[in-house]
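Questions regarding the structure given below will be posed in turn.
Lettered A, B, C and D in written order, each chain numbered from 1.
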Amino acid sequence: MPETPQPETYSYLGPAGTFTEVALSQVAAAAGKPWRSVNNVGEALDDVVSGRSAAAMIAIENSVEGGVSATQDALASIPHLRIIGEYLVPVNFVLVARRGTTLADVRVINAHPVAYAQCHVWLDANLPSHGHIPATSNVAAAASLFDSDHADAAIAPPGITAHHDLDVLAENIGDNPNAVTRFILVSRTTTTPAATGADKTSIIAELPDDRAGSLLEMLEQFATRGVNMSLLESRPIGDALGRYRFVIDLDGHIDEERVADALMGLRRFSPNVTFLGSYPRADGIRVKFDQRYGDAVFTEARDWLDRLKSGLE
Amino acid sequence: MPETPQPETYSYLGPAGTFTEVALSQVAAAAGKPWRSVNNVGEALDDVVSGRSAAAMIAIENSVEGGVSATQDALASIPHLRIIGEYLVPVNFVLVARRGTTLADVRVINAHPVAYAQCHVWLDANLPSHGHIPATSNVAAAASLFDSDHADAAIAPPGITAHHDLDVLAENIGDNPNAVTRFILVSRTTTTPAATGADKTSIIAELPDDRAGSLLEMLEQFATRGVNMSLLESRPIGDALGRYRFVIDLDGHIDEERVADALMGLRRFSPNVTFLGSYPRADGIRVKFDQRYGDAVFTEARDWLDRLKSGLE
Amino acid sequence: MPETPQPETYSYLGPAGTFTEVALSQVAAAAGKPWRSVNNVGEALDDVVSGRSAAAMIAIENSVEGGVSATQDALASIPHLRIIGEYLVPVNFVLVARRGTTLADVRVINAHPVAYAQCHVWLDANLPSHGHIPATSNVAAAASLFDSDHADAAIAPPGITAHHDLDVLAENIGDNPNAVTRFILVSRTTTTPAATGADKTSIIAELPDDRAGSLLEMLEQFATRGVNMSLLESRPIGDALGRYRFVIDLDGHIDEERVADALMGLRRFSPNVTFLGSYPRADGIRVKFDQRYGDAVFTEARDWLDRLKSGLE
Amino acid sequence: MPETPQPETYSYLGPAGTFTEVALSQVAAAAGKPWRSVNNVGEALDDVVSGRSAAAMIAIENSVEGGVSATQDALASIPHLRIIGEYLVPVNFVLVARRGTTLADVRVINAHPVAYAQCHVWLDANLPSHGHIPATSNVAAAASLFDSDHADAAIAPPGITAHHDLDVLAENIGDNPNAVTRFILVSRTTTTPAATGADKTSIIAELPDDRAGSLLEMLEQFATRGVNMSLLESRPIGDALGRYRFVIDLDGHIDEERVADALMGLRRFSPNVTFLGSYPRADGIRVKFDQRYGDAVFTEARDWLDRLKSGLE
């Protein structure tokens, strides 16, 4: 028996207390709706594809670790997904332990590998000879302290104590105080959020072949329309070494002429291009562009061409 | 009293016997219509603008001398002109003289400066110490022999003896046996000749300012659409040294998508762009272009964008 | 007391049996020398920096998973490292278990997350309801079977049975039969391996600022010298979201003029560029380039300039 | 018997009173040296090539009429010429006549065709029904008034009355009050004038072939080194329609690194490039360029490459 679709449900990488949950809490529309905790990006997107959830919140990039490959590859391979929102969550960590543990007691730390890598400096200075057990998530690392005594402490998000009865042995143990993770809200809708003037457009595109200058030619599609690129990441297509697709974020919205024109140029150029959506930027910073790429300039040029072609001018 | 418009009249640089007349004789539609001989490019275009003539045949480029500045500047400054055809005339010259004159008698030659320059080699070899009187046209040079005896011979087009009773002292005296002049037929129509697959599109454009790389950016409008440029000539705008407009011929027709898209790109880029027309090439050579710039590719990309914007995909 | 440098030692991600060890076994110069097994990229490079080892073999890219971020970031941040060789290892996996275990017994699998992700299809088909315990390496996954009985089976490299007494429950369980991992041999030498005609040059560069078209301008440094780029990966600089450096592989060797000229262009352009070395390609495929970018063309142009500047021409 | 070389002689388009003479009077080194009046550009350059003169002053461009084709073509075809200076002369005209003539008497005007074209507006307004006799130079036009009475008046440079006993019927009759002609001083020296910070570099180059984007690629040689182009003119190579060479002025001096590097890039690109010289700009305006193209940046990059190649870094 098929599951009853729950179009108002939001999936996220759980359990409660993860950074992803913090990101989801920024979504006004999700307030008061069912939230579904899942184990990984694949499950989150499965929920969206199958209709179990209206949308899924997933991490796409960390300011220290870079792009989240699993997310990028899933967006490239699963059809009909759309990004409808972007959210930023400052990333910091605490070292937690079972009640009564002191820092001097800590020999082995349970931590998600990404979190572990981001606390390298603090760990080297304060626990130079510790051991490490990898966890599947930051919250799972903390929760594991109750499941076994293999680890003495765990690296976890600051909000973990709202969910688990643990002592905080140290705060702000992340190497980079400005670390931030960028999340996206992914849906199956084909309705694009309205342009706000502070938008991003995400696409994934393959190059036509490996001739010299092919990437350059692709980037010219944007540059010649004054469209700035805020992200360019290559990901292997996977069939052979040396074949890549590119994950690209553009400044602007598909309803802006210069972006639309660049998208058409890209579509003509690339053998395989996926439009992932136009959506408001998390930072709310309005996109700046030279006025010679303004909508009116495009409209005027199209009207001029139409007049020429119809013999009116 | 205004002149009665004669929409079937064709103006050309006369008198009878000029290369321009030869060009006009290639125009099937002009056969049997009134031909009006004028003295220079300005008069020819005045005829078109005023409606005295349906069209004017004027020289635009010579394979040895280069672009005809007067024509290029007139096309840039007189509005509402359109090129509707292109014609090529091989350029060769004969040395003619009054009956009874021999080559040994020739001391002074009457010749249009352009023709004179193109016979430099022959003159140096055969008449090393001659003098030169400039004429206003090749036919006028020959005709002058009957007006005065200042000159002993004249440089003229091969067909001159059909119009004047003269002796030919030497044939094929041009330096370059492959010299050719390119002519254009100019009208005021706004109806563009249908695309033939072997077409040119002529434009004149100014650069937005003199920042480094501005010309490069203009040329990218063509290159990024796979549109080849067969001519690029700079002409002074005339208001100050160092300010230029560019006379450009593109391979292709405005009804071809890649050309139309490039024209829109140029319109957006340039503060002043003049569309001079799309018309069949004189040489009839079909335009070759990479199939990734074919009409269907543009149409598909536009349809894709439309589906995205309307939420159908 | 400082360690005695062992310049002939080679470090690699161990223990014995890893794909990295397979890569190291391809290095002729390493045969018969001490091999030092380490736990991660950081330790391997520390060995090189400290002089404990002459060189370290580390994974840089997998055809399915993409670039190895830890390696790329280490190369960007640790000075004085040089890539001196490239090696390819086909990646395939076996499912192993303690003696006597059958496939039907398998409930929980121990596997390195990367390996686990690459066996997704086989696992879904054959063990749809299994659990997963992450390991720190492929060999550690197998070894863990002897440490505890939390897991019933492990995903391991094909050569694992040479090191551990285990049953192979299934072979070739990787999703992609052509999967390959690219390794690099890293040293502190400043001597570049001689050009072979089949070389790569690796660099890491930052963009001068985030103005539109900045990346395009960087890539033009290569394109205008006919230098092909086989890899372009962005990595966060780490100080703020949206700031990237680029890991780049070029076809060719620093001793080839077009590459040297492109490197100088890049050095002038980028506020921070790291030369990681020129070294023979693992696939031995000779680099093809247009002969107008040949060494002789560069030499001739330089000689011409010298003659002009010295007044000889 | 060969002519005795007169290395201090300066040739110019005469006779006394021409704009070319005004240009030559700006050359400090020419003061007190013999000046040789010649009839055309060809004779002036012949003097230089043969050694009869040390240098020749010739017009290269007029702000209204554009480039002087004869000069451009001569520079392209005569080897071993160098531009060593640039001079600007404001171009204005007077209408002169034999003593006692009034404006009402004027029926026919003797004028050089270029001067005649530049007085079009005044002539239309004041002498709408005049006739025109072409002259070979502006001064010859005035002088002709003494030779015959075919013409009643002549268009001449303002200084003409210093040389001829004529009445000035009207002053400032040129259409454009800012019209200016640019002259160059041409020599056979291979010593380049020292860089002043306000220099030009002139070259003539052919494109490698007529593939789409070939001109674009040539211009990128300049743009990628931050070298601005102040002039780009196409001239027919002359062997066939549609084959062009380009006359180019660059901002800067061959002794500046960015210019030298661009010249090498051009030499590699073009099958035929002629260096015409680096010389001080007539307007004395210092060349502005982005400091990332400064000499020190180039030197640093070259030193860096040298250190890398020699194993010092």
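Some observations on this one:
The definition used in the following text is that a residue touches a chain if its C-beta (ideal position, glycine included) is under 8 Å from a C-beta of that chain, and two chains touch if they have at least 3 such contacts.
Since the structure is predicted, the reported quantities are computational estimates derived from the model, not experimental observations.
Considering the contact criterion stated above, the chains in touch with subunit B and with subunit C alike are A, D. Between subunit A and subunit C the centroid-to-centroid distance comes to 25 Å (mean Cα coordinates, whole Å).
Averaging Cα coordinates per chain places subunit C and subunit D 58 Å apart. Annotation for subunit D: residues touching 2 or more other chains are 220. Shown here, the protein chains touch around one cycle, each chain meeting exactly two partners. All chain pairs that count as touching, in label order, are A-B, A-C, B-D, C-D. Residues 61-67, 69-70, 88, 113, 117, 132, 134-136, 176, 178, 180, 182, 210, 212-213, 215-216, 219-220, 222-223, 226-236, 238-242, 244, 289 of subunit D touch subunit B in their complex. Remark: subunit B residues 190-192, 208, 217, 220-221, 224, 254-255, 260, 263-265, 267-269, 275, 292-293, 297-298, 300-302, 304-305, 308-309, 311-313 touch subunit A in the complex.
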